[in-house]
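Same chain, two partners: chain A is paired with chain B first, then with chain C.
Let's look at the complex of A and B:
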């Protein structure tokens, strides 16, 4: 609990870290209608795919220095020694990132969904899906950035982007499910299942990677 | 005795000498099998009723795609061995398989594109199997660039092994992509459990070409792993004697 508060404070004080990604998301979602000549019908159809890609990009940006600063000033090493489970610390860290970045973006995404397609149903269905996908993305990109800790985030993106592409396929199916108004809950549970595996497994792998970095 | 053999084989030095001895046999056998299968497939079998002569690229496309996925699985096994038992040789193998996997995936993509023009009418489609193969290609390149970006080789080996194992979740998706989604690409004609959906006169040369191609790729892996071993162990005295 103390750790959670500490991490929350640390991220909150660093406004570039959490406000920056959110603003980038807003910019992307505001800029994209400009590119389709304001034709309402086209926007409706492409809105969801732009939304997924925008969340993907923003989550990449958000995790860019999730471990880097702590690694450079030695906090990460201290934590690895002090707490006997580094994976717990990492889980909390990712959760804090989700709380300050993933959650606002899910709500904003739903808001944009309502604004662009003007369908309240869609907006409500988007909230849980976005909440789950942002959490998955944060986990996976944290893994990539842990691997490429001192080598910049381009490498981290290059190696983890292929891992999330199957997820994008699932999201594409969700778009169809929403449009046809069927089987939506099934996809929600599928995403939840993926998330529960990732939450359990990835922090352990990330802690392994970070320990290798600290050696 | 098996344990002793494995322990001996796991040392890069023994591996190098054993492999040097076996290399010419593997190479010439598999090359002759592949050329024989190609000759049989290209000149001795009849034209396909629907596709005409264009189907004959199957003798390149199918082996290459098969190998590109199998190589990734081989890398995953080698990574697991490296992480669990800390066998240095398997780390070298993982690194040396990666570029060859990238090349075979590239061959599979290009030959598929060439085959697509006469049969599908398009050389590229945003189709589950094609995209997942492209992802596999990018994954191979990502693995190589991850390993090359670290100067500390031991660290790089460890990270590469972890990433290979995590990335192997994509392999079943590539394999099953043609069955889970409705796609342009057909489902597999040859499976272990069912009778092949392909005429025997085309099937036997296809098997031959798969076996021969696998052998040739194994030879490439051997060459690449030799390079990797000599590069990493260049300070050892036996390497100086060997070179």
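Let's look at the complex of A and C:
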């Protein structure tokens, strides 16, 4: 609980860390309907695609310095010495990022969904999908950033992109299911399954990667 | 006398550069080791091996202590965008009984609301050293603890470390500034 409190304090006080990505998301989602013909009936259909891509980009942006700052100032060194389970620390860190960035974006995404499509059902359906998707993206991009901790974020993005692409395919299927009025719960459970595996596995892998960097 | 640390034939190399080879030493409770050596001789690497951050290339190291290590490295582990008070809370020492007296001793008591970024390097170093002053560890591992400290703060540090040694704690440190502490010297030379 102490660690959760500390991580919350750190991210909350570093407003550019959480507010920046949220504002970028707001900018993209606000700019989208302004840049297309408002009478275009396809706007409802293309909205979801833009939403997934905006979420992907913003999560990538949000995790850019998730470990870098702690690595540079020696906090990670102290954590590795003090805490037997570095993976636990990483899990909490990613959870805090999700709480302050992923969750607001999920709610904002649903709000934009309602605003653009005028469909309350769609907005409600979007909330769980976005909550799970943002958490998956945060984990995957955190892994990428851990890999490229001292080598710049480009390498991390290149490495994690192949991991993210299958997820975008699933999200594409969700768009089709929603547009055709089909049951999309199967896809939701698939995302939940992916998230369960990622939550268990990635923090452990990230902890090994970070330990290697600390050496 | 309880042996806190026993190192046997420790060797370490980075890529093809051998830093030290077949290094053996032991550290008893209440004793100190001062690691000396030129730049790049492996002082920091040895301290990181002892702290468990790095693995030695060869050799064995036996650790025999109950609590966490107190490791103070080159990096201060302070958050520049937080106040001194917030950083104390991150260091988990905000509720320590002796915190107030150490803050006064180091001249940090009136700076609690100041952002760490606005402190001088020496003040930041003193803030980082509070983790050492309020530690609860059997083994103290310090990498150049005097860098950035004025004479008064260095004296405070020496007095504190002497008291810790009297309290049966073990100390291993590297420092280019001589400290007024009774310590065995461990000379590292490039292999």
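To be clear about the criterion, the second predicted complex is superposed on the first by the 214 of 215 C-alpha atoms of A that agree within 3 Å, B and C clash if a C-alpha of one lies under 4 Å from a C-alpha of the other, contacts with A are read in each partner's own complex, and residues count from 1 in each chain.
Operating definition for what follows: contacts are C-beta pairs under 8 Å (C-beta built on N, C-alpha and C of every residue); 3 or more make two chains touch, one makes a residue touch a chain.
Quick caveat: nothing in here was measured; it's all calculated off a predicted structure.
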Partner chain(s) touched by A:82 [first = chain B, second = chain C, both, neither]: second
First, second, both or neither for A:155, with chain B first and chain C second: first
Contacts of A:6 with chain B and chain C, given as first, second, both or neither: second
Which superposed partner A:14 touches (first chain B, second chain C, both, neither): second
Partner chain(s) touched by A:212 [first = chain B, second = chain C, both, neither]: first
Contacts of A:166 with chain B and chain C, given as first, second, both or neither: first
Which of chain B and chain C A:111 touches, first, second, both or neither: neither
Which of chain B and chain C A:99 touches, first, second, both or neither: neither
Contacts on chain A seen with chain B and repeated with chain C across the two complexes: 215
Footprint of chain A on chain C - complex, ascending: 48, 51-55, 68-69, 71, 73-82, 86, 89-90, 92
Complex interface listing, chain A residues touching chain B: 143, 147-148, 151, 155, 158-159, 161-163, 165-166, 169, 205, 208-209, 212-213, 215
Complex interface listing, chain A residues touching chain C: 2, 6, 9-10, 13-14, 72-75, 77-78, 80-82, 211, 214-215
Touch list for chain B against partner chain A, complex: 128, 131-132, 135-136, 138-139, 141-143, 145-146, 149-150, 155, 158-159, 162-163, 166-167, 169-170, 173, 181
